[in-house]
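What follows is subunit A paired twice: with subunit B in the first complex and subunit C in the second.
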Partner chain A sequence: MSRMHRNGPIALLFHTLVVGFVLAPLVVICLVAFTPANTLTLPTTQVSLRWFAAVFEHPDFVASFLNSLWVAAIAATIAVVLAVAAGLALDRYDFRGRAALNALFLSPLMIPHLVLGVALLRLFALLGATGSLVWLTAGHIVVVAPYVLRLVLAALSGLDRSAEQAAVTLGASSWIVFRRITVPMILPGITGGWLLAFINSFDELTMSIFITSPATVTLPVRMYMYATESIDPMMAAVSALMIAVTAAAMLLLDRIFGLDKILVGQG
Partner chain B sequence: MGFLTLDGLTKRYGEAAAVSDVSLGVAKGEFISLLGPSGCGKTTTLQMIAGLVEPSAGRITLDGRDITHEKPDRRGLGIVFQSYALFPHMTVAQNVSFGLEMRKVPRAERDTRVKQALALVQLAALADRYPRQLSGGQRQRVAVARALVIDPPVLLLDEPLSNLDAKLREEMQFELRGIQRRVGTTTIMVTHDQSEALSMSDRVVVMEQGRIMQVDAPYRLYESPATPFISTFVGKMNRLPGVWRQGGIEAGGRLLPCDGAGLAEGAAAVLAIRPEKIGLTAPGGGVIDGCIKARFFLGSAWFFTVETSAGLVGVSLPNAGAEPACEGEAVGLAWSSASAKAGRPEGVLSA
Partner chain C sequence: MSSARAGTTPWLLAAPGALLFTALVLVPLVLTFVLSFHVYDTASGVKDETTLAHYATILTDSYFLNIFWRTLRLAALTTMLCATIGAPEAYILSRMGEPWRSIFLLAIIGPLLVSVVVRAFGWSMLLGPTGLVNEVFRALGLGTVKILYTETAIVIALVHVMLPFMVIPVWTSLQKLDPMVEAAAWTLGASRFTALRRVVLPQVTTGLLSGSLVVFGLSASAFAIPALLGGRRLKMAATLVYDEYMHELNWPLGAAIAILVLVINLVIMLAYQRVVEARARRTLG
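The block that comes next holds the complex of A and B.
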């Protein structure tokens, strides 16, 4: 950090504008959530928690919130397992179709979620598998796995292989090397990947619209359905809650591992 | 035969041979260096002994047991990697203890042995630190302790000192050698640093292009290098081309005395002499005269480059406490004919 320079006035202004532009909508929506009025207005004279209370009086929102939480947690976890396996294969072995496989694993990042949603809807209909939480989660795994794979691959390429060799020569079997050396050493990548996957799944809307059934509506889909009919400050309250969940996860991760390390990939 | 023997060990990558036909016997307790420039196959040889690289041909036997195709985790050898390869998420004590855990050594015995190993490398006080909290030299010691704690029959060191700064490298040379003497573990070290190889080893194995060129005690290697390459790679060597006459080499209009068994009168030859075997005299007092082109002060010695009619000659004199001849001064070079050797231009130099 010793190479940090002081910003010149123009750079400072530019940075302030960028940060302001990114933060302003989030700040506004969080403030609006505390309004006592019936419309989306900034609270001026007094603050109220009535719209937060309103969220919890809607059982469908609570159910959707829990749906989203489950889907995101399970999708992120399975994506981690798949990405670690795929990452090890891509990083360590030279095999036929390696580049093609790499591209295939990352392709969900490039395909519009809308297209994926329609495609999965058709596929699930053909399989007769619509409407279950399992298939919704499967769809989410497809979408979030590339994020995990990227971070796991970055962590693996930065790994000092001689540490693994050292463990082998000290008598460790390949399973023990994996469990006691490899996984702990790429843990920042794994956790960072899990978190990114969780967040992406948690707020995935475009694809989910197509593949949720009335029983498996996720929170973003529920919000979307609600907002098409009426806009009231309860939307702001839900948004504020979502921001809070995400921010809490980020803070926790930062405390444990340091966000710089995970997202920028610096050891 | 040796405690550890390599027999015709070869590693080919496609057409290219990284190591070809390396045979070597290592006695129990011996300290052997594999010395050579980068790409000479010394590290590949070490990795084959460790079991990390599968040999294309040849045999490795350890204490009479064929281990050529044994898995590295069964060989039980201790290895210190160039990057130290410590486990960053484990403390110093956990790092050292790892190999014992793998051997299912009971807890209490593990603790004692880890303590002993850390005491051996003078790190007992840092047992609970993490590798990132240690200096380069301390990491190096942890790596040595981790490799030695399992009582390996053979200790393999892969460029163990190359990541240390010059001062520390010198200290660690003596310390590593001291530890090896105390423990008595048969040790093979890979290095590209000739002074490291000379000062630490019982025998030095010089490799070039995948082959062993010479195996000798450091002193003999230095005094009787088998090839011109070794003569310049191990220490400095003046090489003056000329023609062989009875009793010396004719070069630059002078007859330079040297030892030249087996050369035919009038044959093209090269005189080889170490800089420290040459003395400075008054002009006319030596075998050839010259003029000092450059002078370097090295602390314990002075190094001169002297321009003569036979070519540039490097001369090294011990620092005797007074200032010697200056640049531009005319001097004579003197040496005894026994300390200079003549050879064919691309031929073998050894006597």
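The block that comes next holds the complex of A and C.
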């Protein structure tokens, strides 16, 4: 049975080429980051950490990294709170306007980030709020909340409600039921959603590039601006660090929720 | 599943999110739509008078039409390449045994989570005049080929970024296919190719179609890839909007282009929803 479904040599060759194509740019970045040379070359005889050290000598890169970290952590946290509340409303109740609300919450997935970026730029300009870290974070919440909402809705719809009903019968208030039963049961959805939101916010470029100011530049925007002006191995070192952060979050996601489930659900 | 006692509770729960999304999605979109009809003057900026001139300009001026044509052409090419690479790859993955299947599935869709700036930078290193690709060309005696800052570079990197969006839906629809059906076709005398064409392909067409729509929509509005790999000269719709906003400072014209990009995307997304719904109906009925 399993023999019949083996891939032939041509299929495996094709597969090797595809995997090579997918991993090539990431592997090259991680190798070049360790070059001792002044140009983008692969390290041949020796490896050096000088370009990693150079990153930390650039205060603007460090500031942008901290900006990104804060924006992503706060945006993901608020997105989780909003998505759990909205998820409960959408999953548990049948009310007028439910479909419209659902469409509103998922709409950022259908609007190109470019369009969200220029739209928010216009709003912030009219409000005099350009360059505000708070409004930048608010923009990020809107972009990442749909991902959390989808995972929370999936977790809620797969939930066995009998434990909740038992708690209600035993006299628990609805807040106690929510805190002691519902939240623990959907916790994988919540933590998975938070991490996915964090990664998406941490990586976001196209919207942020319109609504950041010199003081609020996030790491991807800083990297973009740096890459358009000069290219040296420091870019590779920053990129390698970003790959490391993403990979760490990915491993965590995989442990908590199963990365294939999250990403396949994301299509 | 949904209990019927409505009342105010669901609204109270959804209100904070609904307010935020209205303020930061709906209102800004309406403002941008209005902005796209405002007169722009290089000396005094945005004026209160309204005009259709920006839409007339972008739909008639050959400079803009060339960029839109390039955007659609490269997005279509990316979609076709993603389909020809992603669909067979999903099929090969689905025939692998564990643990390889999970490992390679993660290897292929995992880069989705790496920032697009990082991936674009990786390609600019690979494709540059001193990059690895050109070193291989030189070793083969082909000389140095200019790839970076050409449409080829944009398409290569776009395919790289979009491939997971094609593999995922095709993979999902292959999961629903019982491998024994294909085996049954062989037993009944069908060649491997016939079984693939008559049994497997019809199963994955919806996955292929929805993947294509997503890839096309995302490619047509991609920003980082054309900006970093196309250079200043080779613009696509998104980099054009960026230029109008940040360099020309002609926000109304930029807004008109952004609205056009949005409308094209919404049409594609509606088509996508139709495909997904049709698939859901078929699996239910």
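Some points to look at:
Rule of thumb we're sticking to: the second predicted complex is superposed on the first by the 230 of 267 C-alpha atoms of A that agree within 3 Å, B and C clash if a C-alpha of one lies under 4 Å from a C-alpha of the other, contacts with A are read in each partner's own complex, and residues count from 1 in each chain.
Throughout what follows, contacts are C-beta pairs under 8 Å (C-beta built on N, C-alpha and C of every residue); 3 or more make two chains touch, one makes a residue touch a chain.
Keep in mind that this is a model prediction, so the values were computed, not measured.
In the superposition on chain A, contact is made by A:167 with subunit B only, not with subunit C.
In the superposition on chain A, contact of A:206 is made with subunit C only, not with subunit B. In the superposed model, A:120 makes contact with subunit C only, not with subunit B. Contact with neither subunit B nor subunit C is seen for A:53 once the two complexes are overlaid on the shared chain. In the superposition on chain A, A:22 makes contact with subunit C only, not with subunit B.
Set against each other, subunit B and subunit C differ in how many residues of subunit A they touch, and the higher count belongs to C.
Subunit B contributes residues 50-52, 72-79, 81-83, 85-89, 98-99, 102-103, 146, 150 to its touches with subunit A in the complex.
On subunit C, the positions that touch subunit A within their shared complex are 1-6, 9-11, 13-14, 16-18, 20-22, 24-29, 31-32, 35, 85, 88-89, 92-93, 95-97, 102, 104-126, 128, 130-132, 160, 163-165, 168-169, 171-172, 179, 183, 186, 210-211, 214, 217-218, 221, 223-224, 227-228, 238, 241-242, 245, 251, 254-255, 258-259, 261-262, 265-266, 269. By the touch criterion stated above, subunit A contacts subunit B in their complex at residues 160, 162-163, 165-173, 176, 180-181, 184-185, 187. Touching subunit C in their complex are the following residues of subunit A: 1-2, 4-7, 11-12, 14-15, 18-19, 21-26, 28-29, 32, 39-42, 82-83, 85-86, 88-96, 98, 101, 104-105, 107-108, 110-116, 118-123, 126, 138-139, 141-142, 145, 157, 199, 202-203, 205-206, 209-210, 220, 223-224, 227-228, 231, 235-236, 239, 242-243, 246, 249-250, 254, 259-260, 263-264, 266-267.
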